[in-house]
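Some structures to go through are shown next.
Same chain, two partners: subunit A is paired with subunit B first, then with subunit C.
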Partner chain A sequence: MRRLVILVLILLPFSGLFTSVPTFFFDDAIINTVIQVLVIVSLNVWLSIGTAWWLLFTETKWRTFIEWFLFLPLFIPALAGTFGMYIALARFGLVGTTIGVLIVLLVVTLPYSIRLAYNAMSVIGRPMFEQALFMPPLRRYRDVLFPLLSGTIQTIALMSTVIVLGQFVLIQLIGAGLISTVTTRLYQVYAGNDVALALQHTWLLILIPAVLYIAIGWGIRLGVKIVKGRL
Partner chain B sequence: MSRVNVLLSMAVSLLPLTALVFLFRESVGADVWGLMQEETWRASLGVTLYVTLVSTLCSLVLGTLAARAVYVNGQNWLLRWLKWPLFVPHIASAYLFYLLFADGFPFGLIEANERHHLVVIVTYIWKEVPFVFLMVLGTYAQLNTGYRDMAKTLQLNPWRQFSVAEWPFLVKPLLDSFWILVAFISFAYEVPALLGVTFPKLLGVLAYDRLTTGLFLNESEAYAVALIWTLFLFGGVLLTYVLTAKHRRRIEKGVRR
Partner chain C sequence: MGLQLTNIQKRFTKRDVLTGVDLFVKQGEIHALVGTSGSGKSTLLRIIAGLESPDTGTVTWDERSLLGVPAHERKITMLSQTPLLFPHLTVGENVVLATPDRSREQAEKWLTRVRLAGRYDDEVHTLSGGEGQRASFARALAADPRLILLDEPFTNLDPDLKYELQQLTRDIVSELDLTTLLVTHDREEAMLVADRVTLLENGTIHTTGTPRELSETEPTFGDFIRLEGELYPLTRIGVFSEGAGERVELVRHLVKFGVRLGEYRRPNGEYVILPSDVSQQIGQSYPLRKK
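Here is the complex of A and B:
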């Protein structure tokens, strides 16, 4: 009985998705969104795993400082950071450009990804990774880090996708209203009170991370099979 | 290879920190004392503290209970179902809750956009419980069950068992989660803009509105509030980490004999 109540509490909000039939159309906001997600997810996975590896295995007196430095942005409210970066990027002419938006999206997602990778590596433990210490970097990634951290890669991809898709102010401010994504459209549609169109955007915002999560899961399983076949 | 990653990550982390310097430069000239006296900002600060603390504390308690249910009581089904809210971006969850509460829920009791911000709080709790769950899960996975067995053998009551065998290890992930959530919830736009009310607005909504209305004429005001709030959070983070430093070091490295 208690299990049923908890399941209802978790799943009830999804009922809103079925209140009316969503309309379907395709435009460049969807293409922009998918490109942003793919770029940010790839950068996050690559940078966070390498950084977490370094934090775990490098003996230097600077370690604590660097650790703090990398995790400090987690405690800066994203909106306050966005305000500041808006002023900074405006000076370099990056406001209103795709590059500017991508940089700021990377800034708000990377600390979370490093944290996830670092936590996962600490749970798996040093002994498992130490075997790979003397491998060349590419083989280390392919044969050890990739199979051991497959679940974490999936979680990092999911978290960064969801954070990217949740940004309205960031894209509106840094993109100077010139770059439209599914998220910025949702706000405009919501203001226009068109429930069917708003629902289509909401469906997209949930389906993009879900499809990416499943696709990465498949890709990883296939990749691990290939690696195992070679070893 | 990993050195390149660290250097790039540090360059990325440097950006929000330099952003604070830019915020400082641009907020020079703002009448901070005047801001504190202004009724709108004061009401906004009060409601922000209320929404942030209630949502954060509820998420921490529920997230920890869920992680505990998995590792202590073997409720593994939670692992599968608690992932679901993670797939929904905050803005989409705000819209889903808006639809759910639009005509009053349950039985017309609570409506979206009501002045106690209950729907904002519920939305945040629904979104953040799985996050806390993930943060605490790692700690439970590593926890030495011997401590709990010992506490049981000594016939301590369940609360004492938790406080001596689990709580000391949970301090670090819960402290991290607390500040991450406070920073996130207290100065955000998307969820409260959709589900909040016109007065009092939450800090993030008010700051963004002041920044973007009137051709950026009031921009230094919004920048000053963003900077002061960030520094206030930094102060809180620093204080709690200094106060718990000894305890956390003992848990991480053990007692030196």
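Here is the complex of A and C:
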């Protein structure tokens, strides 16, 4: 009975999605969204694994401070950070630009990604990664780091995607209303009365991370297979 | 020719781990670095491997500095206490990964050499502790190193397996004429495996010598017997022919036997019996027999 209640609670928000058949469309908002997601996911994977590696291998008395500083955005309300970013980016003329939006999205996603990568590396253990140091860099990354961290990479990708797709205020503020994404469009649609249009955008918001997660997972599995096939 | 460490100093946050260490490992020799926990032996090994940098001092191989040379360019491999095989690869793939030309034949050759023939396609988690360590050893050898570093690789093994792996390691590195630096806290193990032994105490070199030299000069250096003119650590007590007749000369007080025990089980399962009904004294000889 308890399980049934939990199941109903989980499915309840989605029940409205099936009240009418959605029709799909393709416009600049979707293109912007997919590009943003792909860029942010790539940067997150690259920077988080690099930073986690550095944290794992660096011995310094400043270590605790550096960790605290890196994870600081996790403890500060996103909106407070957003206003700070707005002022900073405005000085560089990046407000209202795609690069400005990408930077701010990176700021809100990266601490989580670093945390994930660092935790995964800590569990696998420094000695295991040290064995990889005896191999040339290409082999180290391709044959050891990438397959060992493939699950983490997929999680970072999903988390970054979901965070990016969840940002409305941030993209509106830094994008100065000029950068259109599925999320920003969705809020406008919700403000109106067109249920079918709202449904289309909601489906998009659900499908984009799902498709990307499956695609990235498939890509990673294929990559690991290729790597193992070379051995 | 070989590895030369000069005036190596290393300080971690609040304490000096190594203070002016000088060490020379001749090419082709098996050199043991013996010290208690915290004496700095593993740190020294990590400095040689390129996993740590010394605060001062030099590390050279054939008079060419290794400082600043990344670990993968030093032609050095390292075996740790645990196998550290990559879990996403099979046993054989772990070894292939280390071979310079990614050769499956080479990997299978090394696996056979460490008595793991036919285990190429096995998953890493199916290996026992000793097998894992042997696979790890095969991987280290497959990289064609000029120096192999052994960081207490036998510590977590049961006595029989430990002895077997010690022998295997000794045989293979001798056969390959591979320079080997073994770090251990077990003095007996050092005596069994190494050509020369260095004692490290509180981050400084205490003494260096052959097992025979150390057994005669170092009061703390283990329990040894002289059997037919040769000096052996206790674990090497052997019965070389059937029946009684061999005599052992006690070189040091037999701590393990004391006067309480008269028999000792050798790693190969044989029993060696020393007389327990007499007070054992250094310099005296006693008959040795099989159980």
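Everything that follows uses one rule, which is that the second predicted complex is superposed on the first by the 222 of 231 C-alpha atoms of A that agree within 3 Å, B and C clash if a C-alpha of one lies under 4 Å from a C-alpha of the other, contacts with A are read in each partner's own complex, and residues count from 1 in each chain.
In this text, a contact is a pair of C-beta atoms (placed from the backbone, for glycine too) under 8 Å apart; a residue touches a chain by one contact, two chains touch by 3 or more.
Since the model is a prediction, treat every value here as computed from it, not as a measurement.
Participant: On the A-aligned overlay, A:7 touches which partner chain: subunit B = first, subunit C = second, or both, or neither?
Facilitator: A:7: touches subunit B, not subunit C.
Participant: Determine, under the contact definition given at the top, whether A:202 touches first (subunit B), second (subunit C), both, or neither.
Facilitator: Once the two structures are laid over each other on A, A:202 reaches subunit B alone.
Participant: Figure out whether A:85 sits in contact with subunit B (first) or subunit C (second), or with both, or with neither.
Facilitator: It touches subunit B, and subunit C stays clear.
Participant: With the two structures laid over each other on chain A, which partner does A:73 touch: subunit B (first), subunit C (second), both, or neither?
Facilitator: In the superposed model, A:73 contacts subunit B only, not subunit C.
Participant: Please work out whether A:137 is in contact with subunit B alone, subunit C alone, both, or neither, and reply first, second, both or neither.
Facilitator: A:137: touches subunit B and subunit C.
Participant: Quick check for you: in the superposed arrangement, does A:224 touch first (subunit B), second (subunit C), both or neither?
Facilitator: Only subunit C; A:224 stays clear of subunit B.
Participant: With both structures fitted on chain A, tell me whether subunit B or subunit C touches more of subunit A's residues.
Facilitator: B
Participant: Give me the intersection of subunit A's contacts with subunit B and its contacts with subunit C, in residue numbers.
Facilitator: 137, 140
Participant: Can you tell me which positions in subunit A touch subunit C when the two form their complex?
Facilitator: 59, 61, 127-128, 130-137, 139-140, 143-144, 147-148, 224, 228, 230-231
Participant: In their shared complex, at which residues does subunit B touch subunit A?
Facilitator: Its residues touching subunit A are 1-6, 8-10, 12-13, 15-23, 25-26, 77-78, 81-82, 84-93, 95-100, 126, 134-135, 138, 141-142, 176, 179-180, 183-184, 186-190, 194, 204, 207-208, 211-212, 222-223, 226-227, 229-230, 233-234, 237.
Participant: Tell me, which parts of subunit C touch subunit A in their complex?
Facilitator: For this pair, the touching residues of subunit C are 12-13, 49-51, 70-72, 76-78, 80, 82, 84, 86-89, 93, 96-98, 102, 143.
Participant: In their complex, what parts of subunit A are in touch with subunit B?
Facilitator: Checking each residue of subunit A against subunit B gives 3, 6-7, 9-17, 19, 46-51, 53-55, 66, 69-70, 72-81, 83-85, 87-88, 103-104, 106-107, 110-111, 114, 116, 119-120, 122-123, 137-138, 140-141, 155, 158-159, 162-163, 165-169, 173, 183, 186-187, 190, 195, 198, 202, 205-206, 209-210, 213.
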